[in-house]
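These notes are about the structure you will find just below.
Note that the chains take the letters A, B, C, D and E in the order they are written out, and that residue 1 is the start of every chain.
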Amino acid sequence: MSIAIPSFKVETGTRASSFSALIGAAVLVLAVAVPFLVPRGAVQDLFFILTMLVLAQSWNLLAGYAGLISVGQQVFVGFGAYTMFGAVILFGIDPIVATLIAGLFAALLAVPTALFTFRLYGPYFAIGTWVVAEVVRLLLAQWKALGGGTGTSLPREATRDMAGVGLLRDHFGMKAAEASDALTYWLALVLAAATIGLIYRLLRSKQGLGLAAVRDNEQAARAVGVDARRMKALVYLTTAFLTGLAGALIYVQKARISPDAAFSVTDWTAYVIFIVVIGGIGTIEGPIVGVILFFLLQNLLSDYGSWYLLMLGLVGILIMLFAPRGLWGAFSDRTGIQLFPVRRMLVGDPLAHTPKGGPHG
Amino acid sequence: MSLLQLECVSKRFGALTVADEISFSVGEGEALGIIGPNGAGKSTLFNLITGNIAADTGTIRFGGADLTRVPPMARCLSGMGRTFQIPQPFEKLTVFENVLVAGSFGAQRSESGAYVRCAGILADTGLLDKANVPAGGLTLLQRKRLELARALATEPRLLLLDEIAGGLTEAECHALVATIRAIHAKGVAVIWIEHVLHALTSIVERLLVLNFGRVIGMGAPADIMASRAVREIYLGIEV
Amino acid sequence: MTALLETRGLKAFYGDFQALFGVDISVAEGETIAIIGANGAGKTTLMRAISGVLASDPDAILCRGEPIGALAAPDVLASGIAMVPEGRRLFPSLTVEENLLIGAYSRKVGPTWTLESVYELFPVLRERRSNPATALSGGQQQMVAIGRALLSNPDLLLCDEISLGLAPVVVRDIYAAFPRIRASGASIVIVEQDIGQALKVASRVYCMMEGRITLCGRSSELNRDQIHAAYFGAERHGLH
Amino acid sequence: MGFIDTIVQGVLLGGLYALFAAGLSLVFGIMRLVNLAHGDLIVLAAFLLLVLVTGLGVHPFLAAVVAAPLMFGAGWSLQYVLLNRTLGKDVLPPLLVTFGLSIVIQNSLLEGFSADSRRISAGVLETASIGFGPVTVGFMPLMGFLSAVAVIVGLNLLIYRSAIGRAFRATSDDTVTAGLMGIRPQRIFAMATGIAMVVVTIAALYLGTRANFDPTAGPARLIYAFEAVIIGGLGSLWGTLAGGVILGVAQSLGAAVNPEWQILAGHLAFLAVLLIKPRGLFPRAVD
Amino acid sequence: QDAPVKLGYVSPQTGPLAAFGEADKFVIEGFLATAKARGANYEVIVKDSQSNPNRAAEVAKELIVDDEVNLVLVASTPETTNPVATTCEGEGMPCISTVAPWQPWFIGQQGNAADPASWKPFDYAYHFFWGLEDVIAVFTNMWSQVETNRKVGGLFPNDGDGNAWGDETVGFPPVLEKMGYALSDPGRYQNMTDDFSAQINAFKSGQCEIITGVVIPPDFTTFWNQAKQQGFVPKVASIGKALLFPQAVEALGKAGHNLSSEVWWSPSHPFTSSLTGETSAQVAEAFTKATGRPWTQPIGFAHALFELAVDALSRAEDPADGDAVAQAIAATRLDTLVGPIAWDGKNLPPFAAKNVAKTPLVGGQWRLKEDGGYDLVITDNKTAPNIPVAGKMEAIA
């Protein structure tokens, strides 16, 4: 009965993707040079974009690929940031090293929270994660050494003497504040690039395939031997780590922390969800598009105070109603273009035609 | 020794008993057919065997081990492959990827190590020309074939098929029977729920009849089909 | 005379998938017809299209000559067409009586059918009136589903596979209620897998295959071979 | 005595939380809609009351009577025009749209009323109290609790004893079949949100007279409301009242130990309930 | 014409602390008019902290990075002053700050507040106001005028002020204990809380006849109403922050009578402006005339901020050089509307000597007027005898 198996191979790249790899490399090179080219305000803006992008990619990995809709990601931002502050203020550790420690601590925190929240489903999970974040916030608000409810600031020396700042000051004649902006910006750039790289690699691996299966249909995934629980836990820990790193980095740059700000559900989860969903959930491109739109809106409208947020809310509602798969989703559906293809294409002799494919997920 | 053995397995949904002290066994390489009216509990029985539904009472043994409390994933890895009556494709993945998930996770291979087998299975199940199409775009018939392809890709010792022949043309049905016969011939045990009786009886050695969650008959197909109960309850033919 | 219900070249789609390819049927006032066909032939789809659950062309469905194809389900009900859906679809969080009363939610004037008369038709339901609907046996649930549809006082009752999964004796009970329903003035369309049963209650039969009508005729004039051919395609084997 | 007083004050506070939560519970129970703007809608209603009280010079209770139909209309239209379009299998669209709505409401209020904190003056009732043996109970908190019970009883009567309530439950079970029965799900949903907004108005009355509110006070209320709903089990109204009371008592017990523990204790009670019963105290059979 | 000298100004103009920012517009308009009359070219960029410390830090950064101001002025509560001062310090931007007791300002900005050995002075941030030692003295002086059981209930929130006022070493507890008062302090609560039952309960069972604390204005209304509801009425209530403003007291209806508060500026303060030469009474009158509202305490301090800014910038070698401006500030010797100001370390511990300058403090009580309005009557001046008293302390009925 067996039909002779045709000669074939499996491909994941597309022409657009090799093109985008080139563009990506160029953008990266340009991005590295940014602190020398633009004023400080712009560097800070770009820093903001990059860190939001990391948060958005992480949440997207969690919700878009593992189906875990968390509204409590601020817990990792806040915990990471507080870990960093604690390490710097109480132990005199360099902020950059402290940021790495913060990532690890955030991942550690994810273990007990996962034990609890993974018992919950759907809306229970979402609210459960939020409450966990509130609990951690309230506990940290009791930590008087770090300013309790009011919060505290990073000692001036900490950011001023941060590894590398002196170097920049001496070689490029930057002021200390300028140098630390440039430094945090580069770190954010590395983190964003690494996050996208890591997620892209994960998605192209066997684990990524399993993850996509779990998201599409958990029951069927289990039935074909995918360990859905382990898969989700892996993703949850990874996002906690990335989110914690980003959180710590954000607060190295802000240099001031308070529980309300560090655990803000609006800033670190709601806006992030907004970015992901507007850009297109379940794609790597989506959060990138989303964060750029978010930033543009912010810059266009930031002089209008609350009008800006009002517009943001309206744009979110409109996009959800008229392009429920997000801007990138709508674009990709129409053109078939994907910059980060993860689809395994079976190509070979009997399969001369390449069907048009939507984005992965 | 029997490959799969159920002892007094029961399951209730509230007041509804969907499996009522079911006991039977399937030997290594055997083929068993299951028939019964709609809602008799056939699909539920599959879900009990594969662990998608936990049994209230009774034990389920597979390959000598007690799997009653083991999750579906582990049952798959120990050699059970199943299809869902209502197909459950991974809609956003392509057909090839759907099979690849089963072929790499279920069969415990590396991803690239599963490519050849998975492509072969697509060819066998007539899905090769749809390999790169997202599974969400398949028709019902194609979805059912994909169910079969995915189950096969896990390299099962026991294949559980839930109504895969409905709606096929004569020629398609023949091809399907040939495929299943070939799998069976390789020593894979098969349990097949099917309303298309001529297809079913051309393969299975025994038939089990379910009604209201209870086993009301078990034996050679010819005997079962001739029995009064089956003619009355199932075939709706006046006797 | 215009038919009570008529479909003309009715097509139906699930997304890109076409399930009906130009179906023409008609039901006269007071008539009972049956629709038979294999699994997946499109019977349920036809019922869903008529009752307004699936969208179709405005002019593809006519009720007393009026186009109703574009109407939503509640408006179709308002024009006198009620459905007993496949699989009963009772409301699990409502009791038996509440399920019945839901049928009267937007009833037409002139209550031919009341809670009382439904209980008379299916006395067993009166005893179980305050049970959750899902606690009933399949046959009893089917009675609730029929009673629920009747309480809207329909001119046309669509019954999709009402004997599905029921023991023969229960099926007999349910079909025994048909003369009473007809006597109330309603026309009936039944979708039935059991050909014997279908031929017994209906005056005319349509047979469907793969989204098309393949056979149509008076029950008394059709023979088994014709039906088998229409059912499975000419080259197929029948069941025995 | 201190202990009894603590419990009594906690129960009364719980009544307020139950009021916050009742509308959310209703909306979730009927259409599985997780409304992230619920807290902001309460605050919006409080501002509406404030405007009526200061503009017309009427008593807050009277203002609530005027505001309730306005809020009903707002809720009805909101659901009919906007939220109905987001309902479906996917949980994200309603989540995102209601979040967007929350931002829109908050910032419109900021534009209109600035970030200042406000309060609705209930005149002498504000400080009026009633003595029950050793405990003295404020009139307004007591009214708040009684209103919560009345709202829950009323909603239960509506849902379990009326034709529209049957339609609510039927639609909630199965919209397609409900449509076959002549029910228009879109309107039923709009009606449900309208009713929820009436409850929101009552909640706003007690929120605004008890303490201060400002345009950004919504999310903090939202989390209590969610907790109350989830402790009770999604869709169970009595459960929601129980959830509110558990939350209120936990908070006041926590505060009695140390005010730092007030809010934390409520959250911990919530987590403890979910740890033991992941689907709340009175879950319903099908979700 | 030269480019204008740019002053950044941050204060809470909206939010729960909005009352503090109420006079800003009046003061700034007055300042710009005066400056213009004198031929000086000043631009004031005003930012609203919305009573939110994080927003305060953000707007400070905007002032420095985007607006490139020459000097940052900041006022009202540690929630506003601290983030702004810290940001300026980090950016090397001179900053003058006020309307926050100096302990929460200075200690609150230290990385590790618990470890005095680690505290460091600032290079760019300068503050003028009174300290906890002053308010404690004022409050206890007022209490000693009334017959009480010396049992005190404390309301200290978990914020910059609350943590400092309630602190076991620098705050109220040690001093009150030494003076023979029994303090019942249930613990730090969150601002904007809905429920004060626990505190009321604790005060009842502690039989407190005196209430003190540092409460944001909206919270005190909630507390006081709930206290009434639950039948708790102390003889004295001396509350920081919340009772500075007539609106807050009026919001309590008749229940505001005889509540007491610290007074850091009033029309009867015997000082004059170095900018305009007006007396305190004249400034207060001008405010009421311009806005139709009663005078409030922040008017004087907001005004003094601009006096100091002009003084320092005119003495600085180069107003665009942060270090030069900071140096000029440090060297200030100026008689302002709120009293003489010099960063000379007088009456201060050594660690705060460089960055803090103190102003005088007295105590007052709100008295219900015939027309339903309230007057703030100075009832104790032991701490600053040059400021006249206008009445004696009375117990709350």
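Just a few scattered comments:
Definition applied: contacts are C-beta pairs under 8 Å (C-beta built on N, C-alpha and C of every residue); 3 or more make two chains touch, one makes a residue touch a chain.
These are the chains along with the protein names UniProt gives them: A, D = Branched-chain amino acid transport system permease protein; B, C = Branched-chain amino acid transport system ATP-binding protein.
Bear in mind that the values here come from a model prediction, so they are computed numbers and not experimental data.
Any chain touching subunit A that also touches subunit D appears here: E.
Traced through touching neighbours, the fewest hops from subunit B to subunit D number 2. Set side by side, A-B and C-D show the greater C-beta contact count at A-B. Distances between chain centres, each the mean of the C-alpha atoms, put E farthest from subunit B.
Chain centres were defined as the mean of their Cα atoms; on that basis the chain farthest from subunit C turns out to be E. Averaging C-alpha coordinates per chain places the centre of subunit C 44 Å away from that of subunit D. Look at where the CA atoms of subunit D average out and do the same for subunit E: the two points lie 38 Å apart.
For the pair subunit B and subunit E, the distance between mean C-alpha positions equals 77 Å. Centre-to-centre separation between subunit B and subunit C, using Cα means, comes to 32 Å.
Chain contacts: subunit B has residues 14 touching two or more partner chains.
Multi-chain contact residues of subunit C (touching two or more other chains) are absent. Along subunit D, residues 110, 260, 263, 285 each make contact with two or more other chains. Taken together, the chains touch in the following pairs: A-B, A-D, A-E, B-C, C-D, D-E.
Here subunit E touches subunit D in the complex through residues 14-16, 18, 50-51, 158, 186-190, 192-195, 197-199, 201-202, 204-205, 218-219, 221-222, 225-226, 228-231, 251, 255, going by the rule given at the top. Residue ranges of subunit D in contact with subunit C, taken from their complex: 163, 166-167, 169-170, 172-174, 176-184, 284-286. On the side of subunit A, the complex with subunit B involves touching residues 1-3, 5-6, 8, 10, 205-206, 209-210, 212-213, 215-217, 219-228, 282, 343-346, 350-351, 354-355, 357-358, 360-361.
For subunit B in complex with subunit C, the residues that touch the partner chain are 14-16, 37-40, 137, 139-140, 166-167, 169-170, 195, 197-198, 232-233, 235-238.
For subunit A in complex with subunit D, the touching residues are 63, 69, 116, 119-124, 126-128, 130-132, 134-135, 138-139, 141-142, 265-266, 270, 273-274, 277, 281, 305-307, 309-310, 312-317, 320-321, 324.
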